[in-house]
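Next, two complexes with subunit A in common: one pairs it with subunit B, the other with subunit C.
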Partner chain A sequence: MSKNALTALAGIGVALLAGLVILWAQGYPAVPSYAALFSYSLFSKFAIVSTLNKATPLILTGLSAAVGFGSNCVNLGQPGQFLIGAMAVAAFGIVCDLPAPVMIPLAIMVALAAGALWAGIAAGLRRRFNMDEFITTLMLNFIADYFTLYLISGPMWDRATYSPMTKATNPGSWLPMWDGLSAAFVVSCVAFVVTWVIWDRSKLGYEWRVMGQNSVFSRVGGCNNEANFTRAMLLSGALAGLAGGMMVMGGMQHRFVKGMGANYAWDGVMIAIVAANGMVPTGLYALFFAAIQTGAMGMELETAVPSEFALVLQAIIVLFVVASRESTRLLINRLAANLRARAAAGAEQDISKGGGRDASGR
Partner chain B sequence: MDDHFIEMRSLIKVYPPDTLALDQVDLTIKEGEIHSLIGENGAGKSTLMKVLYGMISASSGEISFRGRRVRYASPREAVAAGIGMVHQEFMLVPSYTIYENVILGAEPVGRLGALRNADARRRVQSLVDRYGLSLNIDDRVCDTSVGAQQKVEILKLLYRDVDVLIMDEPTAVLTPQETGELFRRLRDLNAAGKTIIFISHKLDEVLELSDTITVMRRGRRVATWENRGLGKADLARAMVGRDVVFSVDKPPAYCGDVVFEARDLSYVDAGGRRRLDGVSFEVRRGEIVGIAGVEGNGQLELVQLITGLGPIQSGQVKICGRDVTRVPVIERRKLMCYVPQDRKASGSAQNMSLADNAVMTHHRLNPRLESRWKALLSPARCRRFAQNLVETFGVLTPNVDTPISSLSGGNQQKVVVGREFLFSADFVLLDQPTRGVDVGSVEFIQREIIRKRDSAGDVTADVGAGEGAVAAGAGCLLISADLDELFSLADRILVMHRGQVVADLVPRDTTREEVGEYMLGVRESQSERRPRAQAASASALGPAGEGACVK
Partner chain C sequence: MHLVVEMLRSSVLAATPVLLAGLGGTYTYYANVFNIAMEGMMLIGAFTAVAGSYLAGSWVVGMLAGMAGGLVAALVFAVFAVYLKTDEFVTGTAINMLGLGGTTYALRQMFRVKGAFMSPRIQAIPRIRIPLIGTLPGIGPVLSGHPFLVYVTLALAILIEWHIFRTRYGLRLRASGEDPRAVDSVGVSSDRIRAQAILISGALCGLAGVYLSLGYVTLFAENMSNGRGWIALAVIILTRGRPLGLLTMSLVFGFFDGLGLSLQSTKIPPQFTQMVPYIATIAALYLYSREKRQAPSAPTGPTGSSEQAGQ
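And then the complex of A and B:
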């Protein structure tokens, strides 16, 4: 466990160095840029609050992808589930007007249910027609994308605005803010704990993890793989839907705006891959990537480095961490093997030579 | 003849990070001899040969072939130089036909690169006929059994004319007759001047076949002897470094009530082939019923129907009196222990920890693994459970958190067997429980099977023959490709051939040869001589079945 953490840290360190070299090669002031990156993401109260807000959707989409991939359900439908979750919450928030203590939990339920439903379609297609969820979830992304676009530019368009978006939801569904920190972060933390307990501690999570590693073994062991597949898909979808819901309930806009999905869903997929589908690593990487994305904005303000540098840095980190996970292990193992071989050869020189151990004949 | 045909000097191989697989191995192989390498699993036999074959590179040391120093970077180079190897693990393309697999890499190419199939097909077919390999060369490999796939590997090598044949445990899945035929062919090849290196841990085979025998133990060459006046005991002592008891001590069986009953099981696969044809038999408490048969004669399907992995099309399965014909896997697992054939494919999740592998199925059935909430597992209790398994079954492991893949094959199998035997079910299904396991572990596992037969409930309890054991014993169904295992463990042997139970024999009243003849269909089935109606019960309740038990 700590060995894995060390390799990951080494990978991140090397990736940051590589980013430094890239900045330097491009003629930017490398060190001040990094200083800006971290001071705007970590070294002030405002910076930390921004990072945590940014991390909220990433934690949820990351968990969604990790639960899916770790159970061997290739759910690549996070973007669609995210949008459907957000749209469902927006619709609910426009239609219903209830006091916050009632409405917030209900809206959260709506987000979870909508995301689960969208993933459930793919799960149902898999179980009924044996369609690969890898394809169906991807295709459902397009449907969700254009369906929500149709809604916000047609039936649900707020005519007071000039660009496609819904009306604002009723204030009862708005999540409170404390000094800029949205309660959406708290919701994602709760979701994290619940998911962790299910994944790492429950019988169900155990069966999912075994199914992710060897589905034949889990079947032989008496697990109901078909039902477990559906359950894992539903949880995965629900988490992605919740991420979408948080974007409407938290933040400032409180409505479904065109393009609100941004890249959160694919970042989540990336985070799950870097984290090797572990729940705790997923949470940590979500925070880390949020820090980079937040810091990049600040870096753009301070220096001439464009904020897109965050994308470059993320990509390098993914490559280095994933590569280092395997390669450092191989490298260290090979070094150890060479030492051992040399020791074995040395021992032979000392002991035998004429020793009758390897007798030929009796 | 060259006395220093192949020379290996001071070979060292360390598998990263620090598994010393070969420790200063020197070995000389003479031209034209049949040289056997014998040793337990993990002794380094296969590794040594893979180094020669260019599959893996040695950490240090040198090899010479025909007097020239060589170091093959790949098997392709080795084959070109005249060294070929049949592997223990199959290297086949599952979606290709047997024929295509055989010619793959050595395709008969005519002008403009067109395949000249006709000649090659005839050649492959003639090889199949000649060795009685009973393969349809147009079958796709993925549709064939493990046994057939092994035969394809042998066929591949027979198709390529190489000077040195390395056979890595080729006989593991063959019947005695087929083994005899293979040995005859190997001797023919040998007589034609080919050098044969034969890896095995079956002492009889090695003694029967070889000119020279090299014994390896824990990465070292222990001895090289000419095969003159050697006995099994000599080899065994050298292999394990101590005396080995060959016959498993087995008290007579005390049969109780019926714990397992299969009635008229039939199964037709997706390709329309009849894999099981009216199979009926019973297993009683306190007996071990062995199922012999060449692989691919319905054993796989039988296991799937019993465990619930495949749907029962017709017939009925009862375990402990309960009809489980239409019952899901988990319900059946409450009534039975099941050791699957392939621990990597279906008996474990290799990347997960020993503890995670140990609690499978127990996590549903054993409330003592739960934490305060029933839906949650207690990590501490799971680890304690795994620790108990490790101690009870003598699994060698640093701790229960290590990935099971880092354990040796024998220790992995002990985890699988231990996990299953910790259920207190009265019916035990054992599908090749000792395949690919070292001698020491085989002995241990076989002892545990007999203990289970004599006392199902608690494997740690002392086993005493007599009245107490009668009540507690489990009924075991043992499917094995290893006749020695069947003869030393089983109280009755059923032989399967083409989806039917063709014989019900008592080990002490039969011979390996007779069983082998039933396996190959040389002998007429016992049941076919009787009226069909009786045949169903004949295999279970025939005189042989009764005779196996002490009343």
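And then the complex of A and C:
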């Protein structure tokens, strides 16, 4: 564990240095930019609250991807599941008008169910027709994108506005804010704990993890791989759908707005990858990526570096952390093999000395 | 009749980027590299092509810059996946994100715009009329007068079929995918061949990007590859990596893409017509899986298909 943390920190360090070099090469004041990046994301109460709000969808999409990849379900459909979850909550919130204590749990259920349903399509196609889920989920992303775009620019368009968006949902589904911190963050923390318990502390999660490492082993060991595949896909989709739902229920807009998916879903995929599908690392990287994204706004304000630099920095971090992890493992394996070879050679020499034969004959 | 010709023409136009990326992906398919990065390499190529064409005022520079963009992305992929032994899926996803984020960032950093960049100073790829083709009965009007990359792509499909199945290099490429140790044991580095395959796919995906931003339209928009790299990956799986099969499947895909465009004049909402190519891809995968189930012993994956190819 500490070895992993060490290589991850080394990777992050190298990636941040690479980012520094990119900024410097483009003529920006590199060090002040980084100072702004971190002071606007970590070093004030407002900054921390913004970072936690930003982390809300990232934790959920990260968990979604980690559950999927960790059980060997290549669910790349987070963007679609996110949008469908958000749209379902928006529709529910417009149609129903209930008091908050009833409506909020119901809306959360709707988000989970909608995301699971969209992932379920791909899971069903895989189980019934053996179609690769990584392509079907990717294609379903585009279908979800165009479908929600149709809804917000056609039947569900709020005619009082100029750009495509739905009407605002009824206030019963709005999550409360405390000092700027949305309760959506609490929801994502609860989801994190529940997912962690399932993944790391339950028999089901154990079966998924074994399936992710070696599906033949889990089948021989008596697990029902097919059913487990579907279950993992559904949980993965539900988490991505919840991320979408949180964007409607939390925040300020309380409606489905064009482009609200932003890059949250793909960020989640990157977070899971860089966290090697572990639940706790996923949560930590989600916070770290949220800090980068929040800080990038401040960086743009202070040193005029476009805030999109955050996207570049994240991709570089993923590459370097994964590379440092893999190459240290390679290096350690090689060292271990060398040591073992030397030990074996030494033992051989001892034996040959004992036998009185010439050991230099190879 | 005129409508049919128009639809077929738009099929050819829409098929070209998928075919170009798919041809690149054929190399990595046979080298047994899971190349999910085609989408990102295409997007980077599209951006550097527009940047090159705009800054130099010449489409030749734009085209070279686009290929170079794809190559650089592929170089990163190759260094990480082949030499540092990172997971291909992970590296590919990171390259895609780097493509999406990097081009969005560069769009703002270089041209100070968000969303899309267009300018009369971007020089597009010329359209040409090949003398004989235009006069052919039937297919003449369909094939004539496209951006010249369309013809390059058609020629490449035939050339690559030959290169992969009829040359020593192609044999080594397929062997590195099937059994890298066997290739290493005769003194040819399988790592080097796999890296070369990734670089070739990068150059061709870059060229697909050039076609998108300087041929299909003359502008760069955020995420303008819009899933074509992934569709190309699906098409490679569907055709088991045969370049000529790729040509056919890309035309089918192009037909559905074009169908979506022609349906826009009807009452159907445009968002639904834009879904058509993605639904068509899922439908094609369904048909493929049914065919595979009926012949359960049929070989799958690069190993099986190169056995077929050897016949």
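In this text, the second predicted complex is superposed on the first by the 331 of 362 C-alpha atoms of A that agree within 3 Å, B and C clash if a C-alpha of one lies under 4 Å from a C-alpha of the other, contacts with A are read in each partner's own complex, and residues count from 1 in each chain.
One rule holds in what follows: contacts are C-beta pairs under 8 Å (C-beta built on N, C-alpha and C of every residue); 3 or more make two chains touch, one makes a residue touch a chain.
It should be emphasised that the depicted structure is a prediction, and the values quoted were computed from it without experimental measurement.
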In the superposed arrangement, does A:G154 touch subunit B (first), subunit C (second), both or neither?
-> second
Would you check which partner chain A:N214 touches, where first means subunit B only, second means subunit C only, and both and neither mean what they say?
-> first
Does the superposition put A:L330 against subunit B (first), subunit C (second), both, or neither?
-> both
Overlap of the subunit B and subunit C interfaces on subunit A comprises residues 330
Spell out the part of subunit A that touches subunit B in their complex, as residue ranges.
-> 197, 201-204, 206-207, 209-210, 213-214, 216-224, 330, 332-334, 336-338, 340-342, 344-345, 348, 352, 358-362
Can you check the complex and tell me which residues of subunit B touch subunit A?
-> 10, 12-18, 20, 23-24, 26, 59-60, 220-226, 307, 309, 328-330, 332-333, 338, 340, 345-352, 356, 359-361, 363-364, 371, 375-377, 379
Sort out for me which residues of subunit C touch subunit A in the complex.
-> 36, 76, 80, 84-87, 89-91, 93-95, 97-98, 100-102, 104-105, 108-109, 226-227, 230, 233-234, 237, 269, 271-272, 274-275, 278-279, 281-282, 285-286, 289-290, 292-293
Okay, in this complex, where on subunit A does subunit C touch?
-> 26, 74, 125, 129-132, 134-136, 138-143, 146-147, 149-150, 153-154, 263, 266, 269-270, 273, 306, 308-312, 314-316, 318-319, 322-323, 326-327, 330
